[in-house]
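Got a structure for you, written out below as structure tokens; questions coming shortly.
Letters are used for the chains, namely A, B, C and D, taken in the order the chains are written, and counting of residues starts over at 1 for each.
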Amino acid sequence: MEFVGNHDPFPDLRVKIGALELQNPVLTASGTFGYAREFVDLVNLHRLGGVVVKGISLFPRMGNPPPRIVETACGMLNAIGLENVGVDRFIELKMPYLRGIDTQIIVNILGDSLEEYRHITEKLSQVPGIAAIEVNISCPNVKKGGVAFGSDPDMAAAVTRVVRDNTSLPVIVKLSPNVTDISLIAMAVEQAGADAVSLINTLIGMAIDLRTKRPCLANVIGGLSGPAIKPVALRMVYLVARSVSIPVIGIGGIESAEDALEFMLAGATAVQVGTASFINPRASEEVVEGIGDYVIREKLQSVRDIIGALESD
Amino acid sequence: MSQYQENATIIRFEQLTDTNVRLTLQTEEIAQAAKPGQFVMIRAGKSKDPLLRRPFSIHQTSSNGRMQVLFKVTGRGTGLLAHCKEGETLSVFGPLGRGFSIDPARPVCLVGGGMGIAPLLFLAKRICQVKQNTETDMIVLGGRTRKEIEPLLSDFQFFDIGIMTVTDDGSLGMHGMVTDVLKTLSLPNNCIVYTCGPEPMMKSVAALCREQKVDCQVSVESVMACGMGACLGCTIKAKDDRYVHVCSDGPVFKTEDLGWNL
Amino acid sequence: MEFVGNHDPFPDLRVKIGALELQNPVLTASGTFGYAREFVDLVNLHRLGGVVVKGISLFPRMGNPPPRIVETACGMLNAIGLENVGVDRFIELKMPYLRGIDTQIIVNILGDSLEEYRHITEKLSQVPGIAAIEVNISCPNVKKGGVAFGSDPDMAAAVTRVVRDNTSLPVIVKLSPNVTDISLIAMAVEQAGADAVSLINTLIGMAIDLRTKRPCLANVIGGLSGPAIKPVALRMVYLVARSVSIPVIGIGGIESAEDALEFMLAGATAVQVGTASFINPRASEEVVEGIGDYVIREKLQSVRDIIGALESD
Amino acid sequence: MSQYQENATIIRFEQLTDTNVRLTLQTEEIAQAAKPGQFVMIRAGKSKDPLLRRPFSIHQTSSNGRMQVLFKVTGRGTGLLAHCKEGETLSVFGPLGRGFSIDPARPVCLVGGGMGIAPLLFLAKRICQVKQNTETDMIVLGGRTRKEIEPLLSDFQFFDIGIMTVTDDGSLGMHGMVTDVLKTLSLPNNCIVYTCGPEPMMKSVAALCREQKVDCQVSVESVMACGMGACLGCTIKAKDDRYVHVCSDGPVFKTEDLGWNL
């Protein structure tokens, strides 16, 4: 028999992304939470639905020259240039710690060619403790690969297929917003075997320093993230959730439980907290807490009740 | 290297000059954990604009859980902080980064320019705690005018370390730049020079140290989003064209590791 | 002989958009300045480089049901739905006043079909006091027409050609940012005879009210404008200015002379002030003043010296 | 209908209840030009977030160029305004919109609910200026509790107009809703009812007026970006499914023009 009383102190926050079971719908977004260890003093990592680590490539990358970031109105531009230690050292140096966290570890990958995507997928598939792969086909910072894969349905499908064919892990494809119709890309990667899509990656943007008459970023252009992009993200999640039948993970300017719940109403099964972790390192954990409070307050059976529950005429 | 996020009450607000402010914050855990040369990230205002926190060196800490930051108003974030009132709270996290490394056995020379003086007070304090004898040590404080340096001077006078001042306009101490003072000193061979200030100043200090073959630690700046090694945004170029991250590899570096083209 | 002394109190702010001569590079953006008269008490209309009026269609339009606007982080969404009195009543009711302003009047037009664009162009071409036509091929709010014309190079070119062939007025084509590659559209409309391009129109976005579980806008989606979109706009202006040889008019989140000058550095010959006029009705005039001060302070011969003067490696 | 943009100094800040604030602003030109029922757009804070101005009815004006607004904290914008201090300035423009139309020859009844009371003070004042005799006139002030109404009451007592109060909880005046009071009054045939308050309240007042065949003017709200007819964002549906713009066609409408489905 269940407990007497309405207020279940342990709200049911579980969601499923294909075969991937999350204890709650809150993940940290790639590139904004390092390899989780950076946050251990400030966040109870075990409470998170999952951690998506910084994008990993086959070989180490130095990233772009500085300056790499600049603040904009309610947002920031970054042109990190996908600096990372490469997949081998990632497995050796970062996975041991990550494995110890009582949450799902999702590895974000990127490559300049289908071959690279294949190699890196093969390597990761043999590593214990990895719950899923998130395929970044959308990073705007690297000249080769990045933009092209994400903005063409056929190429997006091709990458998806390569990853799909070389792993039994759930495959999440992360979509770029810098396209005319994101639902076409979403449908293409669904067809190609993606278990889920996550969106949005950053919008391409630029900032100029009038004093020096130069771009603020050494890379000239960068990716826009933060609260500024939330309306764009929300609309794309809404659109994609109505276009595909695989789960959608919502990303873009999420700072609070309210933001997260709006994405879920729009059709997201889970969300990722990105830039907000810089401003409030505890943001992701607070979103978990806030969603729990909401489920209790609204007397929902489960957080799943609000997925796609947006009403409109 | 524990870190904490706190809502710190502003205990004291001091307007030192037109543009320079010193805040005393009640931050139990951060103050306890902090080491000289480390910094904190402070949120300016409660709005989403400006969005990012701002990094500030820890000026000094006290055993009753207080911490000071000293800053100059240079833009919107510092402008907002300069409008805070005593009793209000600020969201702060830290302590962050690697601070100065101290060797109690060696003589030191602290060289600060402008707001670069901020972390040196904490450093001087710690040096006096760990060293028996600071007779041969030296503090050089440089600034544009008397107004900028004078309010800070009395704090440094607490220590048993010789102080020299230098200003661009000669209104306090020597007339000239910190390097002009440094040149007049004969730095002992095993001396460590600690410096913080505008980059050109730190570079001339570093060049002088190289000439004189003494070790030099510098505290550098960079734009930061996270302050804790997560965003990889605060990169600067270091030795052998490698990149380092100011927030986690620094902000204090040995000059030889930076590969400055001196 | 010229005046003695360095400080010319009347800086040269003139710019040319094809045959269209502006006394300064500051226009008001369509839909954000009404028909100018609304601002007469607060702004010296004669000081503006030009006024772009609210979008005009062949027939009157009621626009979308309310709510039509919602605030977002550093921005706003609108789904006005192109409410307007129609071209005939515009000419009759609004032009007499507009004609009396000592500035260039640019009429923003929209249509659901090529035929509509042709008709409205013909009608406007006979009206004295109109300095140029700005063709809106980008409005995201109307189901028919809007989105399609602006997101396909061939259709964008077709609209441009229709307008071009039916008027001797300068034709400015206003581009949508909701595309994979805006420079392709810009090149297509240049080819088709546009005298200039203006960009960006609003980004498509959405907001949700968690309390009611409904979209904040009756139209569900709307157009995002304001400071939030400035980085996206700046990058697109930079990209387009390097892709076409016709003048580019920069739009998106411009609030101050600094913002405007950044767009000019990126390659814009002129700018439009939009949402900022809601927050500060004097914004456009203050941008004119600020640019003048800059030209004097920097001792420029003319404001034209900074067009495209961005330095980079 | 001249409009002005001013940096208005806050002359007085009154915290009337936990959530209700009244600001007295020095706004020479706006105060001079304003008519009852008009409103102003106020910028809350200096940041880009929140971005848009907020509309507020003019509560009253004085001949020495002062103007009051009365508001309830309902979100971020009003929250920021509630943190203002006397002596600070606010950017304000107005007066905007069409106010109440007054006929000195006819009896009136003013019906305010909650913050809808705000514009009625200015209206009552003007009515007393233009009318010889206000003996048959009436003011009905409704609210949730005594706390909400009481601080406003003394201002209305300045006029020679009868006042009735009504609260949801009966803590002041009658127990019930403003319409319960209205029903007890026999409104003269040529009477004008002016009402402002929550929409359901205004609708019941309007329905009652229709029953009793008296004219009713309502001040309605809508989300606004520009406040001056430029953005076309503040639309509401009116008679015959036409749209009207609250900022420029209103905010005061005759109920028959709104085509409320009563």
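What we mean here is this: a contact is a pair of C-beta atoms (placed from the backbone, for glycine too) under 8 Å apart; a residue touches a chain by one contact, two chains touch by 3 or more.
If you're wondering where the values come from, they're calculated on a predicted model, not measured in any experiment.
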Contacting chain C as well as chain D are chains A, B
Quick one: report the Å distance separating chain A from chain D, using the average Cα coordinate of each chain.
47
Go ahead and note the Å separation of the Cα centroids belonging to chain A and chain B.
36
Rounded to a whole Å, what is the gap between the Cα centroids of chain B and chain D?
55
Residue list for chain D, restricted to those that touch at least two other chains
48-50
At which residue positions does chain C touch at least two other chains?
73-75, 226-227
When you draw the chains as points and link the ones that touch, which shape shows up: line, ring, star, complete, or other?
complete
Under the stated contact criterion, what part of chain D meets chain C in this complex?
2-5, 43, 48-53, 91, 93, 222-237, 242-243, 248
Complex contacts: residues of chain B adjacent to chain D:
45, 47-50
Using the touch rule from the top, collect the residues of chain A that touch chain C in their complex.
72-75, 77, 151, 178-181, 203-208, 210, 212-215, 218, 220-221, 224, 226-232, 234-235, 238, 253, 258, 261-262, 265-266, 306, 309-313
Hey, which residues of chain D end up touching chain A in the complex?
48-49
Chain C - residues contacting chain B, complex:
73-74, 227
